[in-house]
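After the structure tokens below, expect a handful of questions from me.
Order of writing sets the chain letters: A, B, C and D. Residues in each chain are counted from 1.
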Amino acid sequence: MIKAGIIGATGYAGAELVRILLGHREAEIVWYGSRSYIDEKYAKVYGNMFRLVEDVCRDDRIEELAREADVIFTATPQGFLAGVLTEDILKNTKVIDLSADYRLKDVKVYEDWYKIEHKSPQFLEEAVYGLCEVNREQVRHARLVANPGCYTTCSILTAFPLVKEGLIDPDTLIVDAKSGTSGAGRGAKLPNLFCEVNENIKAYGVSVHRHTPEIEEQLGYGAGRQVTINFTPHLVPMNRGILATEYASLQKVKQPDGTLAIPTEEQVQAVYEKYYGKEYFIRLLGPGGCPETKWVEGSNFVDIGFQIDKRTGRIIMMGAIDNLVKGAAGQAVQNMNLMFGFKEQEGLALAPVFP
Amino acid sequence: MIKAGIIGATGYAGAELVRILLGHREAEIVWYGSRSYIDEKYAKVYGNMFRLVEDVCRDDRIEELAREADVIFTATPQGFLAGVLTEDILKNTKVIDLSADYRLKDVKVYEDWYKIEHKSPQFLEEAVYGLCEVNREQVRHARLVANPGCYTTCSILTAFPLVKEGLIDPDTLIVDAKSGTSGAGRGAKLPNLFCEVNENIKAYGVSVHRHTPEIEEQLGYGAGRQVTINFTPHLVPMNRGILATEYASLQKVKQPDGTLAIPTEEQVQAVYEKYYGKEYFIRLLGPGGCPETKWVEGSNFVDIGFQIDKRTGRIIMMGAIDNLVKGAAGQAVQNMNLMFGFKEQEGLALAPVFP
Amino acid sequence: MIKAGIIGATGYAGAELVRILLGHREAEIVWYGSRSYIDEKYAKVYGNMFRLVEDVCRDDRIEELAREADVIFTATPQGFLAGVLTEDILKNTKVIDLSADYRLKDVKVYEDWYKIEHKSPQFLEEAVYGLCEVNREQVRHARLVANPGCYTTCSILTAFPLVKEGLIDPDTLIVDAKSGTSGAGRGAKLPNLFCEVNENIKAYGVSVHRHTPEIEEQLGYGAGRQVTINFTPHLVPMNRGILATEYASLQKVKQPDGTLAIPTEEQVQAVYEKYYGKEYFIRLLGPGGCPETKWVEGSNFVDIGFQIDKRTGRIIMMGAIDNLVKGAAGQAVQNMNLMFGFKEQEGLALAPVFP
Amino acid sequence: MIKAGIIGATGYAGAELVRILLGHREAEIVWYGSRSYIDEKYAKVYGNMFRLVEDVCRDDRIEELAREADVIFTATPQGFLAGVLTEDILKNTKVIDLSADYRLKDVKVYEDWYKIEHKSPQFLEEAVYGLCEVNREQVRHARLVANPGCYTTCSILTAFPLVKEGLIDPDTLIVDAKSGTSGAGRGAKLPNLFCEVNENIKAYGVSVHRHTPEIEEQLGYGAGRQVTINFTPHLVPMNRGILATEYASLQKVKQPDGTLAIPTEEQVQAVYEKYYGKEYFIRLLGPGGCPETKWVEGSNFVDIGFQIDKRTGRIIMMGAIDNLVKGAAGQAVQNMNLMFGFKEQEGLALAPVFP
């Protein structure tokens, strides 16, 4: 039984970590960190945890926590972890960061998109991007894991195999993503009020959303070169779920008869299966399959389907996740499982809740 | 490992049974019965179960199933089980019925409220009303359990201790209940369309809802006499959850100083604790506590709070459940656990999902 | 064409006043007051008004406004109007107050329930309670109208005729009310976030909600004596709408044959028609009719239905309104129409929007 | 006062026609046609119309209706009007068809996409595509107007000026559209149940949706050549509203200094203003503006914004409408106004309802 501490336990992602870790047989939570609710009972902040969590919230002294815990999850605003991380901490404990501080290898890209100075770029090289299905082996040996963003997890996994195998031209990639409102956090802000979100849909952060460079960097590794894409997030009147609808031009590939032609449905599906066929958490719906966010709600699954449009030569790829699970806390626990040699599904055997 | 069969596995309650039993360590599902989807893959009917359930749906031959299964759940329309149940079936297997067929002891009351003939009243006496926290011992030895209705579970548990101990006058009881739409089932009916339910609230079945006599019968056992109440259900634009707001006049009870007076908050709370203090699935919020359906969503919990209004001499009791879990499938599994001597929480350690 | 000023134009009730007055042929808005958005374009605060309103928000200098406007609407927090109202203002203009400052005749009751000192009780006697269907004649001659609360409008109108005619015992009255979230205002508060409200229902302010004494006072006028009731509000995951489900014991009335008996459906309906049969904005659904908030959304209608439960001797009355229209801005305009001698429906011929 | 008949008055689009025409000062409804509810009171089918509409539903005898009415709206399934339309009817009355029967000029394209035979292609040439802002003059003189589809109205208007002026390459156009559930109609189908739609988002009809050729045909007129695009509709858990997010590669245009470069924000905005600057129903939000469906709800407005992404050389155009108003009934009335020489806004001065 390892000891886990959470800094930022009272945000939605932190709360989902609590829900998942409560059912984990190899880890126990020893620290519910929350700057806003110090000394308040956690179950007062999250009524669903009444009688399940008796602890009170503690502050965010990560150095003290590092001596107590085997693993620390930081579900904190951008810049927090970078501002406090030290070699001492990493010597004492493993860190899984749900913020963006260590996701981008290039500090300049980070500072350009996040508009803050990075206070400890010295750990950027060591940090492993915790997209388990892509970087599983590196994660196993990591001390510091940068847990991917919610949009990015969904966007990257949906397109990665086709980029890697050259079936699509990555520079034609357009990601039109739709997210439930929990992705906006628990801050009391006017645009997130029920009456503003309900019966409404809108795009936001068009062409400037911070998840863009993260998608580009990871797909760039797949493509073997720099990639530039369009990414447009939308706010949907639902609590959970991300759907990414992705468009790209198919590239001609060599056919069995030696000619060049755009890939068939079978060829696309074969590529998906090559990469994900054995992945427990990725469910391939096959050609024509349209994932629905409701079918993955509460679970760590990624559902992926696609449709080829021969008229335009494009493929429409679609991926769905629960933004708080595979898009945040679930993937963080999956990373923890890898880092500590636990069974990868431990604590994550969460059947999707429907309806 | 016992074998469980579900007849009516493709309704919402049946689907929730599937979700819960998949995580149960002592039971496995051997029969996904569904008259509407025979020979179709279950995971085609419920996309959330893709890759988790590989079985196809089978018909509703309960006699055949009885020879295969240790326990049968019937999540079927009223009248189905009464029409097919035989002594042979009960000799071979245990039956947990999620319909109303065996909930009311008096066949005439059943026929009056349900407007159908009861085809096998001979089992009414044997059937145990599976409200676990009230009838735990009888359930342990039952062959046939009548799983309580969703509204009734919430309505009864919220008021039962106060009725039983004479703190309230049961004939003044008014239950104003609010339910999510999954309680209306998965039938394709116009009033349950998204556009009809969303942004809307209405009462329905006012003074004639079939759960009324069920509440009255059970509270009558508590009161030791016949009880007549008002029950008004409402349809709320949400998927899951029932909130029962219950009003009753407090009765004077003897005070420490020998006088008679309406009970204090402490006295009410003490009565609740006497009955539920050790119940895992009942969470007492105490005086002033207002349960929210979201805090129990996806779990088998019942949250109960109350408020005394000295100005009117009434108490307002409030109870919240997830209608598909404690109000249907969860309680059914809790009954199964009791009937087979499993740990009562087995398969039901479901932390509420928030948000 | 009269000139109307709004103080508090950027709350939800203020915004609904703007929407309604834009379609009014006898009034024009000359002042969009908003302490929070001074000098900002109104249409930046409410995007729906883009190109329909070109004005900028102004502050809340009511004395200046009183010299400019024929009528002032104050959609402001409790205490604001009482703190600034003067005889001079009332000499220059008419005032319709959407806050609670002048709703309760007894200043002590106000201060008990609202926990603030009343700064100008000298106007309490003059103020007319603007429940048009009950106080139409007084409203016509008023300088100062206290526009009723949203819950109270619905709760009072639904029960008033039966209280007035002695068909129900007012002390048995229980009002279980359900409201959409716009009733909570546009303040950025955590409990009103989308993720907290969506998929959730809860009671709040149980036995202490401030609309209680307002209902009691008005029904007391009908009953001819003091009345004490139970009132429980609930928050429903929808933007607009209030449904009040009201329970009361029927009182025996003299029957045609001279005997005493509880009233029949026809007798109840006759009483409703006596009071409301000619009211444009009240739609009587008749016995068994269950109003739905969606059927009145966006309109100034009050839909009322009822059901007699002979088993318990109680009647269940149900009323539905749009909380922002008949529960706030619509009724305010109806009051204005009466005060200025306009056609009562002017600006309020708003067919309900469905779905 | 002209006489209007509606065939298909009990679908959601028909019901919205009723709501709008009730407020129209030049037209009155003389026929509420509804095959499913013949002889039932219209207000029983739509409770919001209680006391506003006293008529009963009539059948769909269009020939009889044509002798009675000055204009007929057909809000009917595909194929209905084509199956009954005759020259006699058009001699007696004007027809505005909300179905797809006369939207596509090429009968083969119609039959390919709709999979039904077109029964009266002889009227295809005469029919005018009723996209008022584009075809205003032809509409004025039309006997038969094909009212555009909901998705198409939004998709075309958002991109048309930029296609027409050559600012974007139409073959790179990708339309990712999101619609509220009323677009799916009032049929009692399982996928449209509240519990299936709520808390869910999914794409559907990917690359095969029937609105695709309609968008292509109209944009083709703008481009002066055939155009092939990608169109992906999504179902969003809300009642009303369509948001179209459209992506296209910008084409270099001649700059003031004689060089070729991709257009600036100002140049794009200037083109939008050239086409829509004087249009009452089109509101240009300008560069960076992100329309929200809630801001147009209940109104006939189209809100359009855009963002240039210099990194990829693409433009993201966004348009929002209320699918039942500008996407159906509102535009149909706008067409009627043009055909009869009424003021174009008559009956359509509907301020958007918020929240």
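Basically, contacts are C-beta pairs under 8 Å (C-beta built on N, C-alpha and C of every residue); 3 or more make two chains touch, one makes a residue touch a chain.
Treat the numbers as computed from the prediction; the structure is a model and nothing was measured.
Chemist: Between chain B and chain C, which partner chains are common?
Modeler: Correct list: A, D.
Chemist: Tell me which has more C-beta contacts between its two chains, B-D or A-D.
Modeler: A-D
Chemist: Using mean CA coordinates as chain centres, what's the gap between chain A and chain D in Å?
Modeler: 38
Chemist: What whole-number Å value describes the gap between the mean CA coordinates of chain B and chain D?
Modeler: 47
Chemist: Got the chain C residues that touch at least 2 other chains?
Modeler: Residues 12, 182, 195-196, 198-199, 237-240, 292, 294, 297, 355.
Chemist: Within their complex, state which residues of chain C touch chain B.
Modeler: 171, 174, 176, 178, 180, 195-196, 198-204, 206-207, 228-230, 232, 234, 236-241, 243, 245, 247, 288, 290-294, 297, 307-309, 311-312, 314, 316, 318, 320, 355
Chemist: Can you check the complex and tell me which residues of chain B touch chain A?
Modeler: Residues in contact with chain A: 12, 15, 19, 22-23, 46-52, 182, 199, 239-240, 283, 285, 292, 294-299, 303, 349, 351-355.
Chemist: For chain A, which residues count as touching chain C in their complex?
Modeler: 12, 181-182, 186, 188-190, 192-199, 237-239
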